[in-house]
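Next come two complexes built around chain A: one with chain B, the other with chain C.
This part shows the complex of A and B:
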């Protein structure tokens, strides 16, 4: 009996003892190699590679990439890029609006549903659906609903006697229309985080407030919101990051149009890289974006030390 | 929380009903469109003759490659999930157990954080150049490698949280009983973090299955995945609404299955760290 347990404890019983000893003795080192390898080869190396790319003009001739060293050219392009300016403004509006709406809707949905005697688990199950759906499928969904001729919105507008809107084709509506899609996609994520935090609130505090005669509004404002502070911050930061990275649905819905009405930074970058084939300028743009993000993280760390761990501890795409 | 009573409860249920309508409405809408003839879609008919023609068109007609795309998506999602679980779990364990205070572990974790905030499209350009050089451009292998790279951070964070919850005494007990490091990991620790593996596995699979920005630019016709195929239906000279709806419905099947059977793990994986 004891022989069998030691055999099992040694690892694969059939493996020669020396080999399994070696595996065991070096495990603390080689266990790190795979993830270091991936991070170095496919995320650090590409970022480093961006530097020579950003200083070059890369053209394709006969299937071969031809690099020319042109250190100033891409910087000049960056400073003169008017579409980029539109894209930055659009991205800021997109991020600000969608995060604000998602936070408000997510908070109130979580608050009300957490207080229901029944139906909470069911609500949570339904709410994870948008998070799991392919963004491209969500894009097609809303493309059908926004359609001018037969979409749901214009059918409703028609039934109510309102003039139909060209939601995705009108510069006044297009950005708002893609914000609505992001709200549909990601409010459930805010809901999930706040819902779990609300369920974990200390019961005695809430009970004491109620016994003391606090109104519902007083309880929300003076007790629940302050206690939820960290969760609200995490949800907002994650949604801001996610909204900043938004690409798939917007690509499908408008591809940045009409004109530059919904051109986001990510869409612009994709266009520069893969539609205009400007690998050099694209690299310059990428480096700029990465530098801005790194600076933002630096400022955030300085403003709220330790906060990044709470944020880092949670990773959605 | 304090349960609502009386009129407040009715308002609460009203919010619940609205929320569910808001979530399920668009999904139901596209499901309905996918079983309409093209002409019924264009007239916006509410009463129509249901048909499965759109599905058979996207799956079996010569104009569509969707079956091939589904196979590609399945290969990429499954392979990248397996690799990411191995890589992420080993890395998280090594850091949590031995290297937590080392500078390079901190740099690694900091990098993971920065990497998570960078729009993936910033890296697709250099990846494109890299894979061209290696001769891996337009292969499923390249897509698998990139999907592993984008999902490693999430997997490592989920697994770190689970490893943190394993009592340190278990390691000591196993060592005293004569287990080597790898044996302890394989026989004692790994079985304990099963739920973490399921959470990370489900999310990695779904995110790989859904991934679009990389697949759009690193694949061509024979390696395209399902999201790329859907985008083609939506982006051609004339939008093919019926095909777009049907292929989208097919693409959301994994999400529906995982929502039904894995919601506990999905919620855990998504909210880990955000909620104490």
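This part shows the complex of A and C:
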């Protein structure tokens, strides 16, 4: 009787304890579920939804969307799209140029300001101002400055007796003019990441190099740049993704023109999806862009210092 | 009532009689609409907005009915309208739709015909319909009143006119231009860049160049498609007439416009005219309100208008770029009725007069024929009214937006010298034919032009 009582007592007490242990042990898993739910609902589901859209022709009739399964149609459109080819080339040039210039300028600005004996906080605040401005304001401001007849640049050129520049209207200059605006807007972002990393560099290593007689250039090349590798990679990847998605400024400055001189993939997607209401083909374009960005991130992760390639090399016998 | 009140009332009555002389039919200048539910109108922030806002204020004062305006830049209008009609219930009770977008909304079944909401509603005979852009025949898939339902009405009938500097032409002893040759001759006399450009119009890729080239195309006797109203979608944009129109357009732009013509937009054209740096310009009538506004113009009283010039021996081409007010099917019934009541009031002679006086472009022919047209500030009305017989719609089919994208790019490439005019038109013809083929239309195209 007593044994039975004891067993019963043990059983009654053990069950809640086991349940509690189970809750504790699995808490870290199920506490993530709400977050995972949001991620699935807001990120994964829309992307998955793009797949049936990309394989369909979607039209509206009687106030309802009518889907027709036309798997080859949108792919054929993608392959035959001449403007898309120009857009891809322009986007690659835009991303390559703007990110490269932003990385170089951001690095040297960070280095310069980190070396200032005084006023670093003030200089940093001034530097990051462009990031705080909305892209619409930046686009409008630069469009005014680039204006052929009334713009600041041509006013200055006129005062100096120089021929005015057709900054946005000449196919040779238009993409470069757009790159300049992106560089002005986003170099501070690179600066901010690199400035924080430079401030966190181990001072003893820098001091040792200095004692050993390293020149400034040697210190930058052999010590600072290698130590900043992960920060440089992060900044470059973020900026490449941002530049790949660039839309608002370019839309305001040139809307992709003249001709296709500044047509970017994002502008083309907007044109197809929203202006022309080609939802199926727009979905196909979106999926292609997502795939290209994912591949870019994958390659960058693999190639970056400390990335997958380095890890694999270290693991090799 | 004391003596002062009686005098005041008499003075007001005299003022009203002077302002709104009784027409032959002796109809009331404003409609009595009774108490209605509050409504919301999706409206674009275009140059004629101020006139519309003043007219809405007058409606609110007269009827005590509430009207809220959601003022949106042009670039955001289409998506707002689409989202509204595709939602469960529309937040808007009247949508202002660019005539180019109306096909998508008519064909999609998103709008409610006005007579379904109020069987007694009909457009007054004086209201301009801009080639029936506000009717939809679902069987023919065409905008026509023949067998078509009345889907809306135009709050603004934008058409092109030619703006010119009357003072400069007078000083130079020149007559206002009637042909494109006249435009070129005036340009030759007055073009002194960068202080003065001989002729400006939009060359920006997309809708701007497509729309501003259309009067040249129509005036040369060319067309984009042979007879879409009859189901014949043979592409005719690469005709010799279209090439003549494009060559003329390019020559004028290159010889008379600023070097950045390939990105010149509506704001730029208006700015060049308003700052006194352009002697002539092709622009929509809605731009007028800027030129006599002392806050925004350096050439107040010096700009005048004529009908778009013609090619020798031909009629002028006048492209319609109107808007259509329409009621979403998914708006609550009470607010749909209120929207139609507002429409009945807005289309009365009194409201249209107030609209014109506020800076809007009225849509009743009797407003243009009234005493207003004699007043100097309304000197644009003559050219506007004279344009109407020549005014034509383009792209009145479901593929219109895609066709415009093609033309907007290829014309721009020809303008900036990336392609010859022949190659641009041949390329456009091939691409437009492919669009119609994908839609299953009866199509084809002309023999290619020499490139």
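The definition used in the following text is that the second predicted complex is superposed on the first by the 254 of 317 C-alpha atoms of A that agree within 3 Å, B and C clash if a C-alpha of one lies under 4 Å from a C-alpha of the other, contacts with A are read in each partner's own complex, and residues count from 1 in each chain.
Rule of thumb we're sticking to: a residue touches a chain if its C-beta (ideal position, glycine included) is under 8 Å from a C-beta of that chain, and two chains touch if they have at least 3 such contacts.
What you are looking at is a predicted structure, and each value in this text was computed from that prediction instead of being measured.
Taking chain A as the reference chain, the count of touched residues is higher for B when chain B and chain C are set side by side.
Look at A:20: by the touch rule set out above, it reaches chain B but stays clear of chain C. In the superposition on chain A, A:256 makes contact with chain C only, while chain B stays out of contact range. Look at A:150: by the touch rule set out above, it reaches both chain B and chain C. By the touch criterion defined above, A:44 reaches chain B but does not reach chain C. When the shared chain is aligned, chain B comes close enough to touch A:125, but chain C does not. Applying the stated contact rule after C-alpha superposition, one finds that A:160 touches neither chain B nor chain C. In the superposition on chain A, A:274 contacts both chain B and chain C.
Taken together, the two complexes place residues 65, 147, 149-150, 255, 274 of chain A in contact with chain B and also with chain C.
Interface residues of chain A, counted against chain C in their complex, comprise 59-65, 73, 83, 147-150, 164, 166, 168-171, 174, 254-260, 271, 274-278. Put simply, chain B touches chain A in their complex at residues 1-4, 8-9, 11-13, 15-16, 19-20, 22-24, 26-27, 29-30, 33, 41-44, 86-88, 90-91, 93-95, 97-99, 108-109, 111-130, 132, 145-146, 148-150, 152-154, 156-158, 161, 177-183, 185-187, 206-207, 209-210, 212-213, 216-217, 226-227, 230-231, 233-235, 239, 241, 244-245, 248-249, 251-252, 254-256, 258-260, 263, 266-267, 270-276.
Of all residues in chain A, only 6, 8-11, 20-21, 23-25, 27-28, 31-32, 34-36, 38-39, 42-47, 49-50, 53, 58, 65, 108-109, 112-117, 119, 123-145, 147, 149-152, 155, 184, 188-189, 192-193, 196-201, 203, 206-207, 210, 216, 231, 234-235, 238, 241, 244-245, 247-248, 251-252, 255, 265-266, 269-270, 273-274, 279, 282-283, 285-286, 289-290, 293-294, 297, 308, 310-317 touch chain B in the complex they form. Partner chain A is touched in their complex by these residues of chain C: 78-79, 82, 85-86, 104, 107-110, 194, 204-206, 258-264, 268, 271-272, 275, 277, 329-330, 401-402, 405, 409, 412-413, 415-416, 418, 438.
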